[in-house]
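For reference, chains read A, B and C in written order, and residue numbers begin at 1 within each chain.
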Amino acid sequence: MNTATLAAAGVSRTRRGAPWGRRLLILAAWLVFVLFLLLPLLIVINEALKQGFGTFFAAILEPDAVAALKLTLIAVGISVPLNLVFGVAAAWCVSKYEFRGKSILVTLIDLPFSVSPVIAGLIYVLLFGAQGWFGPWLMDRDIQIVFAVPGIVLATLFVTVPFVARELIPLMQEQGTQEEEAARLLGASGWQMFWHVTLPNIRWGLIYGVVLCTARAMGEFGAVSVVSGHIRGLTNTLPLHVEILYNEYNHVAAFSVASLLLALALLILLLKQWSEARINRLKAAAAQE
Amino acid sequence: MSIRRFALAALAGALISGPVAAAQTLLNVSYDPTRELYVDYNAAFNKHWQAQGHEPVTIQQSHGGSGKQARAVIDGLRADVVTLALAGDIDELHRMGKLIPEDWQTRLPDASTPYTSTIVFLVRKGNPKDIKDWDDLVKPGVEVITPNPKTSGGARWNFLAAWAWAQQQYGSEEKAKEYVAQLYKQVPVLDTGARGSTITFVNNKIGDVLLAWENEAFLALKEEGGDELEIVAPSLSILAEPPVAVVDRNVERKGTRELAEAYLNYLYSEEGQRIAAKHFYRPRNQSVAAEFAQQFPELKLVTIDDDFGGWKQAQPKFFNDGGVFDQIYEAR
Amino acid sequence: MSRPSPVIPGFGLTLGYTLVYLSLLVLIPLGALFIKSTELTWEQFVAIVSAPRVLAALKLSFGAALAAALLNGVIGTLLAWVLVRYRFPGRKVIEAMIDLPFALPTAVAGIALTALYAPNGPIGQFATELGFKIAYSPLGIALALTFVTLPFVVRTLQPVLADIPREVEEAATCLGARPWQIARHVLLPALLPAWLTGFALAFARGVGEYGSVIFIAGNMPGKTEILPLLIMVKLDQYDYAGATAIGVLMLVVSFVLLLVINLLQRRIARG
């Protein structure tokens, strides 16, 4: 940072902004936090428990809800590992080598992030729907992609492509290639180098990316909604199940399942916080060396 | 890498397990307000089916806006039977996807419509805005809730009922268009499906009057316990005919024709008719209709075939792109 | 292509895998959308995307996303500033919860915000008393988008803010600079690229957002109907061409936005 030179002027740290201004800002931040983040969270819990814990548990243990949870876990279980491998491979070639077209590649990796989820669903319908390009061919072979589990997995995969790569690329760029080069010169094979040098270095960034990827995979609505077919107990993920319950006068059940998703989201935040703390600690340790 | 291999295996597993499980399942793709009806009916049918010496079947339900559902079936959702809000949407299965023959509606009694309904008004308890008939809907300050006719079947029946009344009242198409245009100016929320509109009106308490399927209005009343809402029957409405059909292409592929046909036929049985009536659909069967006669208000009803020349004329005229509905929306 | 670091293996493998994976999952399907849209003539395409209803949705989607991104630009800056510069009770909780909108499924956000802002909801009823409505109006859409895109500005500003040593401002103060001068000459130039990145990310996400918005929007054609919903509606009317045309339009916009974001990020990296 070029500003660091100015900082070296050695001014004492005691003087701070006027305390009332500071208090006002902190108060404003608290207000924003309560209004924008806490209230939506509280209302979900409040609506879910309106009729007590009995209805709450009945709603989340009902067979269709359990089936939806299973499908959500399948979608997460397939898309997260695939995107994890992709993320490592993409970050590897982007961060360890220089080649032409790299910035275009990075933009393409980011693309699914800013494409509307509805379009993500639409493209798979255009490709694999009965009226789509491969529709008749698939139909003849009795393979179903859209309105079945594969379509839901594909849509989830699409929207979660960038997450691991996005976390790893800056991290691996920062770390450079010296350690790997040293390992190679000491006679390590490619895989040995990856397992013993690279992987431990990127471990926490990897976890962070996986956590974000899981969150998005679990919660995707628009893309999955287009390709789902909304068959109860079969092609409904948890977020879609929330919508269905909401549309069945089943307000309390909808919010109960929503609060289950909320609990998962909070768990994800905890995991995220934990891996982030680890990354910071590693960074701090690296900075001291 | 073992994770990758596992994931690929899982993906392959998912691809394979999709179509395999189809042996004894039946998928009924239906529109929004029939959820509760078919939950009951499926249980009854399963009992009936087993009594005839068959293995129990798994009946799957899918619900949504009628047009959306038809589109999903055309795009490859493997419905064995469709039970949609109007014949126009099932016609599309023939026109767009060649999934059924053109004369599908002649294959079952009563133009393949085992039960009917109509369009009524649902208002707040005590009818504070004093809404009695269609002309009260365009009074200043009255907010009307109805779904989007582009995506919802019920909304199309709503639209046509309003149109039919206005045309009879004012005597010309021009006046009817003016009336309907004014009506839609007073709609604050246009949901994509009938159920969405009911939620908007009942749960989120938006609007003064909901234009609803009669069965949907009764169901809302039942869910709310009758403390907050009441039904108003207008002087004239439309006979809403939600038809059913076996999707030939799909049942042939899955080998479920016998099951699918039995499923739809049973709707016409006394038991099936009674279940429909219990869910506030008007039964076709005379004796069941008599049994439930006091449940349904007597209404003067126009029909789609006699007054609008059937869906083949009504759909392009009113609802396709550039039709009357688009004209009144774009004129605003 | 050049390979400056021949010691490290795996270039061919990883680049090949990346390209194949990306092509299969993203590029070919998106390409299919473009090819599908070539079934339309240019005039047809223009007619579809300039229809009044599409234009209204376009204005709404971009307007609401812009409003949300701007609002985030303000409250995101506030949050980032407070979280980086001050230590106060509850800081850790707020810090951890900032990412809630990313972790929470958008459908859950949608029903929660609708419950909150509907005319009979805890916040909505105040609005009703004051004579305006939040849910089922463009305001509600903007608020929903503000919620789902809240973390972007905060998260892009935080590291940059943390990198500006407080001493810089203090030095400036000692040299006689007034607070607004510090903001204008010290903070603004340092923060602007990051701020714009967060803003652009929030904007890009907001334009395409679907799940959280449909519950709260009211979905009135020409009034509260967003572009992604219009794609759904067109699709449900068997209007594949119309859906494709709008899809292509949105895709081009998001690609341009991404290029802008990447350029900005390269500027940040250069310092």
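Just so we're on the same page, a contact is a pair of C-beta atoms (placed from the backbone, for glycine too) under 8 Å apart; a residue touches a chain by one contact, two chains touch by 3 or more.
Everything numeric in this text was worked out from a predicted model, so none of it was measured.
Asks: Note down the smallest number of touching-chain steps it takes to go from subunit A to subunit C.
Replies: 1
Asks: Let me check something: if the centre of a chain is the mean of its CA atoms, which chain is farthest from subunit A?
Replies: Max centre-to-centre separation from subunit A belongs to B.
Asks: Roughly how far is subunit A from subunit C, centre to centre by C-alpha average, rounded to an integer in Å?
Replies: Distance between chain centres, rounded to whole Å: 15 Å.
Asks: Mind checking the centre-to-centre distance between subunit A and subunit B? Centres are C-alpha means, answer in whole Å.
Replies: 38
Asks: Indicate the residues of subunit B shared as contacts by at least two other chains.
Replies: 74, 96
Asks: What are the residues of subunit C that contact at least two other chains?
Replies: In subunit C, 229, 232, 235 touch at least two other chains.
Asks: Going by the touch rule set out above, which residues of subunit A reach two or more other chains?
Replies: As it turns out, subunit A has residues touching two or more other chains at 85, 125, 131, 246.
Asks: Inside the complex, what are the residues of subunit C that reach subunit A?
Replies: 1-5, 7-11, 13-15, 17-19, 21-22, 25-27, 29-30, 32-33, 36, 75, 78-79, 81-83, 86, 88, 90, 94, 96-113, 115-116, 121-123, 146-147, 150, 163-168, 170-171, 173-174, 179, 186, 190, 201, 204-205, 207-211, 215, 227-229, 231-232, 235, 240, 243-244, 247, 250-251, 254-255, 257-259, 261-262, 266, 271
Asks: In their shared complex, at which residues does subunit A touch subunit B?
Replies: Per the stated touch rule, the residues are 74, 77-78, 81-82, 84-85, 125, 128-132, 135, 139, 142-150, 153, 229-234, 244, 246-249, 251.
Asks: Okay, in this complex, where on subunit A does subunit C touch?
Replies: Listed in rising order, the residues of subunit A that touch subunit C are 1-4, 6-13, 15, 17, 22, 25-26, 28-30, 32-33, 36-41, 43-44, 47, 85-86, 89-90, 92-93, 96-100, 103, 105-119, 122-127, 131, 133, 154, 157-158, 161, 177, 180-181, 184-185, 190, 193-194, 212, 215-216, 218-222, 225-226, 238-240, 242-243, 246, 254-255, 258, 261-262, 265-266, 268-270, 272-273.
Asks: Sort out for me which residues of subunit C touch subunit B in the complex.
Replies: 52-53, 114, 118-120, 135-136, 214, 218-222, 229, 232-233, 235-239, 242
Asks: Inside the complex, what are the residues of subunit B that reach subunit C?
Replies: Contact set of subunit B toward subunit C: 65, 67-68, 71, 74, 92, 96, 148, 150-151, 187-192, 200, 204-206, 320-321, 326, 329-330, 332.
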